[in-house]
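Please go over the structures that come below.
What follows is chain A paired twice: with chain B in the first complex and chain C in the second.
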Partner chain A sequence: MTSALILHPGLVLIGGALLLPFLRGTARSAAVLAIPALALISLWLLPEGELWRIAWLDYELTPLAVDKLARLFASIFALMALIGGLFALRQENRLEVPAAYVYAGSAIGVTLAGDLISVFVFWELMAVGSTLVIWSAGTPAAWAASRRYVAVHLAGGMILFAGITGHILATGELGFTAMETDSVAHWLILAGFLINAGAPPLSAWLPDAYPEASWSGTVFLSAFTTKTAVYVLLRGFPGTEILIWLGLFMIFYGIVYALLENDMRRILAYSIVNQVGFMLVGIGIGTEMALNGAAAHAFTHIIYKALLLMSAGAVLAATGRRKCSELGGLFHSMPFTTLCGTIGALAISSFPLTSGFVSKSMVTQAAIDGHLQSVWLLLAAASAGVFLHAGIKFPWFVFFQRDSGLRPPDPPASLRWAMGLFAFLCIAIGVWPQPLYALLPYPVDYAPYTAAHVITQLQLLLFSGLAFFVMLDALKRTPTITLDVDWLWRVAGPAIARSAHEIWQEARARLAEASAARAAAVGALLARHRQPGGLLLRSWPSGGMALWVMVMLLANLLFYYLG
Partner chain B sequence: MKTEHWLDHPRNIKRLWRGFLAVLALTLIAGFVVDLHPHFAVEGWPGFYAGYGFLTCLLMILGAKALGWLLKRPDRYYGRDERDD
Partner chain C sequence: MSLSAQLPALQVVLPLLSAPLAVLLRRGWLAFAVVTAAAWAAFAIAIGLWLQVDALPSNGVISYHIGSWAPPWGIEYRIDRLTSFVLVLVSGMAALVLPYSRASIAREIPQESHYLFYAMLGLCLAGLLGITITGDAFNVFVFLEISSLSAYVLIALGRDRRALAASYRYLIMGSIGATFIVIGIGFLYLMTGTLNLADMAARIGAIESSRPVLAALAFLTVGISLKLALFPLHQWLPNAYTYAPSAVTAFLAATATKVSVYVLIRFYFSVFGDSLVFHKLPLPQLMLWLSLLALFAASFIAIFQDNLKRLFAYSSVGQIGYITLGLSFDSVNGLTASIVHLFNHGIAKAAIFLLIGALVVGIARPGAAPPAPTFDRLAGLARRMPLTSFGIVIAGLSLIGVPGTAGFISKWYLVLAALEKGQLWLVGAILLSSLLAVAYVWRFVEAAYFQAPPPGRELKREAPLSLLIPAWVLVLASVWFGLDTSLTLGSAVEVAEGLVRHRP
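Up next is the complex of A and B:
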């Protein structure tokens, strides 16, 4: 392989992002599409193996290493940047797309990093890029959310850094390979990865920050951070049992909070946590089928979640509204957006003939193969719950339900093309899963379309749909939010800091009051002795001086004899 | 400029409901006709997936309601600190 063909796809995106601010008009639009396309092409030209080696201090870094798993994730990230860029062509903020490309490029950088130091460098760059994407929405709420977001991610980065340092000190190895949870360092690395995956106890950063980005920004955000975390967990901690239980917690946390939520993009943000939960369960089970399932589900999830958020973004851009209680009846005037949003909703619910059906069922199948009955039962309930909170709830309250009287038109062509392409992929992968299966890290021996599988899945989903409409009264939208752990750092933390400050002020005032009399006495004493006639300033008689000199001389004589 | 859509007619909504219930019945019947290859014992129960999907969804909705009763706040709850920023 000649080195001329070896371009780092992540650096192509990041370099391109730095070029974008200098372009205007058509040239800029062309570059927005060409940069991720070039990254995708350069990725597919890469052979497998460790391609770059760089000596740094005593270490040898491998910032470009390719295998099937890395190529799968890098491909979907580059594709996401391309279609997200197309969707965001009409975004007026000039910072957002370059920031998103730095973000996407560094996500690709993590997937192609062969050593832990490169992983860490790109990991932190990702935090910078994503914070700028949130920030570029330009609202006070987005500014506040981006500060909370970056605080969580910098803390996560620090934990990861501590873990990586400990790992290198203990083993002398830099390579990013599978680890066991057998040392403090490895637990720290796992914790650093899990924070970005949206795992408890800090899951709240995700639904707090993502929905504050612009109509196009949230689309980018939904794809990279959590799925990069899924990638590093797949490579670093396959078969770690605790991931099954964390994943199941995230699945039900996502469902319950999404059911309570009123903001359409926060519903979808909670459902990201829910979907990443399925992937974590797969990683935790750790068989080839389960790991394939987690990887495939990350791939299909990026597409349908971006599609859902694009349809929500189109509604937000057209109406300026984001609450379900203020939306409804949009199918009248936005039929194309309604169709695309519904396809995304069916795909996330794993309906037969959509992409979710061929990916999520591999995780379920792995639970069956491993005879994990309780895990399987919970996954089946969760599948029903996904249809409930994202599959029906989102399209129902946004596009159908009671007519809000809003009649915005479908969005402009660039947005329609982006949605159309991803909607097409949702169906195409569902109908023809073999190309995706061929990209997975392990050989696939699985047929999703058996009569039994299709029928049982349809029963599960359609009857949960029945439950939705039977319980519609209980699901009526109210203009409320639901408290999450971010309450701890948005309300409790500041309140504790404020009251600690008050207590300190109070204590200082009391101390000052109590000691005022004594301090005044001491002050008066000092002042008295600094006046003429005081101890320090009075004139001493010369006789006294002669007496003291005599005492000194006598003492000297005495010590001389004693010595 | 309200445009009439076929979905705006209550008559068509009723038809959709009938269609939906018919499809539900069809999936149930298909479940008896086709061998479902049960792996776990519970899968062998007649209509297990249908009943399980329906009941777990009811439980999740009720669970969410209960949690919401504890944790729901007006959506301007955090509003003040964000204006301060």
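Up next is the complex of A and C:
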């Protein structure tokens, strides 16, 4: 430690979260806002470099190491915690915000970790925090979802742990630096990271779990897990080609399922997978421009996705409904929420003058610069698809379309402030991208607002918008459910287990005669020896013990004399 | 001479004097005050000695001549890093268990025997410290007898009538073990003409393959294995631990077997020289297989126990298997694992037995004597005694070796040592045996957390703080030493390198 004044921003959040349960009323509200603000300030007071060194076993851990990339992600995480905390001020459940702060703090911990062990520790803590956030929704569906969620993440954590152990044993190096996919250990690490990013084949945990959290919980969930995964991929595996194809898969997977989906928050959850796909493509391309683009896109994505989910959360809190087919016409009574939701929708569609435009175009530009025409083409097509599912579909079905007759008022001030601040940021970054570009890890030599960029994007948006209204009837959602890979473990798994059970029953019936006697004998043996005097519970008499002593002595003597 | 030069003698003398003083004073609380003061003084002295060893150059030794008679004729106290490490563990345990014992024995031992309890605990402490600190073979035997005899009395103080039988069996076995040890020492004296361990080590090289020396090694191995409860010589241990008063169980589990391990390390590595023990004889293989047997058999038996105390007593036998397994590797990593586990298991197991002592207070009917902690009485305990239950779970995690607890560190080094030898199947065996530990710890978790409490027992009734604080100090220690390993691992590596280094 170089100076006593250095605070670990992640630990500030986690420590603050542990303090929150003891506070009530105004003090609690003040603390909810002050803790992430303090984390943000302490983050910006940190100089660059490895700040903490801790000896553990034979290794030196560096749980606090700062560079531009780490500071960028840690900043947006802390900012997200602050605005999310503001949004959740009226949340009645007292567990959710502390859990979310532990979650956010450990996400910051991952970004500031300079070695793989610290990464792993915070990674697991993040899984715990996020599970608690889902769990605190308190519904049976949330409870079931949180269990599936934690199972996926524990499995991912184990894969990651195995990879990290292999890496350390093979190289003796702890440092978290760029790796090649040249050994099993590194593949395992990559797999562990990708599971958190929502990459196939396990993408389904994300839309399965996130929409089950409370109206404010989903806002937190959308920000940290996947973007932390983007961060570790940026740092650990830049330029790994497979990420391009995984990313493209995720982009289209997200679009298709989001178009089919009826639940408004599930639409947005699928669109997280889709957006993380863009970031993965950027990481996979691996040029400085692409990496900058991925980092910038993660930054802006957190803001507009949180904004979208806040508007959805406000609707959910006001109406208690979450299906598109049951909503509509809310702009009459919730004009402010409608405005914010629309700004978020425009940003996610990369409308010029919004934050999405200045970040996503960097990734597409990198694809052009790298002469990856097919990738560029697919990205362009996907941009249109994003506009369809998130840019128009979400606001149209929730706030406009036919009037559902619902007239809930705009949400209370704390929610409006949170949405307003993020809506402002969406526009501000879109209009003045330079401050964001200055934060990026590499120097930026890119002007988003050239005539060609703007016109291409506008054309794309206009035609896909046109397509939406032409095909509106086909897109009208009916109350359906959409099958996804999670069907495998939610339905198929149990079904297989049941049929396996039946087969087992049959086999057992057949085997019964052969094995029953033997099994019964083992059972009886155990039972017999569990009685007083049995082998398992016996108290040995002195004579028997002395006999063993003699046996041991003789054995030792024999071995020594002959040995 | 200044006081600091006399610390080695005071280390033993103070607890030794406190015992007769406690008997003379007779009053329970006076005896308590005297012995506790002696134990705290011993702890302070152990820390003082630690600092003195720290100030010496690496592998330095403090040599103290009793009565200023120079060794090898006079009795020498020798303190090196390992000695000092064990001294801190033993005296620290006494310093924690004694404050605990006052409230604990009030319910478990008749009022009129309290002074005896304190006197015997003081004596036992003196004996254990003496074994550790002395550099004289016969002195080892004498202190061994002091600690053993007082341990028999302590166990017999348990209010269960089976305690008497357990103590009697332990007495027989302990006496056989002590006899074996003294026979072994006798042989060595005969062959080398000296009782000073350092001197003996210097002279034994020339005659190490002679039959009497081999016989001495066999007698010492079996005798010490008996005292440290190496499988299958462990049979005295489960009953002794189960029926002894809680404070006694905790103290003995954390110290008595550990000091025996220390004696074994001393004889194997310092006296006989590892070329004889580890290269010319099949002793490592023998020890490896016995350790594996201990790991699996004892842990397996533990799963089926109905009495929580007996369950953890068997778990102790299994955990000692890890310690001897580390020894059998004859490598720096293996020995490091043994020494660290000696410490880590000591604190975790002491924490568990102290908490069980608190637990029996909680499940007792008001005014009645504490019952045995059988599983049918533990249903829903977590609601009744949340702190006690949670503490047992955390210490249990350390027994399993979950990362973040002290137990993980020792297992990690065991695994490293096994990998070093290229024996992957041993890694598998170590991990598999941890699963058995998961099973027996889970039995407690299931009973305490997942079973509904019987009617009339739903109310929260936590044990008094005087029981919980010492226990939780140890619980937190077993987490602390899983995170900050500079003290345990740092000194263990230094010791192991020193002991294994002088290899031709």
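Everything below uses one rule, namely that the second predicted complex is superposed on the first by the 507 of 563 C-alpha atoms of A that agree within 3 Å, B and C clash if a C-alpha of one lies under 4 Å from a C-alpha of the other, contacts with A are read in each partner's own complex, and residues count from 1 in each chain.
In the analysis below, a residue touches a chain if its C-beta (ideal position, glycine included) is under 8 Å from a C-beta of that chain, and two chains touch if they have at least 3 such contacts.
Here the structure is a predicted model, which is why all the values come from computation and not from measurement.
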Request  = In the overlay, answer first, second, both or neither for which of chain B and chain C A:Trp56 touches.
outcome  = second
Request  = For A:Tyr560, decide between first (touching chain B), second (touching chain C), both and neither.
outcome  = second
Inquiry  = According to the stated criteria, A:Phe331 is in contact with first (chain B), second (chain C), both, or neither; which is it?
reply    = first
Remark   = Partner touching more residues of chain A, chain B vs chain C, is chain B
Task = Based on the superposed arrangement, let me know which partner A:Ala381 touches: chain B (first), chain C (second), both, or neither?
result = first
Which of chain B and chain C A:Ala452 touches, first, second, both or neither = first
Request  = Considering only touches as defined above, state whether A:Ala34 meets chain B (first), chain C (second), both or neither.
outcome  = neither
Task = Would you sort A:Ala144 into first (chain B), second (chain C), both or neither based on which partner it touches?
result = first
Note = Counting only contacts in the complex, chain A reaches chain C at residues 55-57, 526, 529-530, 535-537, 539-542, 544-546, 548-549, 552-553, 555-557, 559-561, 563
Remark   = Residue set of chain C touching chain A in the complex reads 162, 165-166, 168-169, 172-173, 176-177, 180, 211, 214-215, 217-219, 221-222, 225-226, 232-233, 235-236, 238-239, 280-283, 286, 301, 304-306, 409, 412, 483, 485-486, 489
Ask   = In their complex, what parts of chain A are in touch with chain B?
value = 140-141, 143-144, 147, 252, 255-257, 259-260, 262-263, 323, 331-333, 368, 373, 376-377, 380-381, 384-385, 388, 400, 403, 405, 407, 450-452, 455-468, 471, 474-475, 478-484, 490-491, 494
Ask   = Inside the complex, what are the residues of chain B that reach chain A?
value = 1-3, 5, 7-8, 20, 23-24, 27-28, 30-31, 34-37, 39-40, 42-43, 47, 49-54, 56-58, 60-65, 67-68, 71-75, 77-78, 81-83, 85
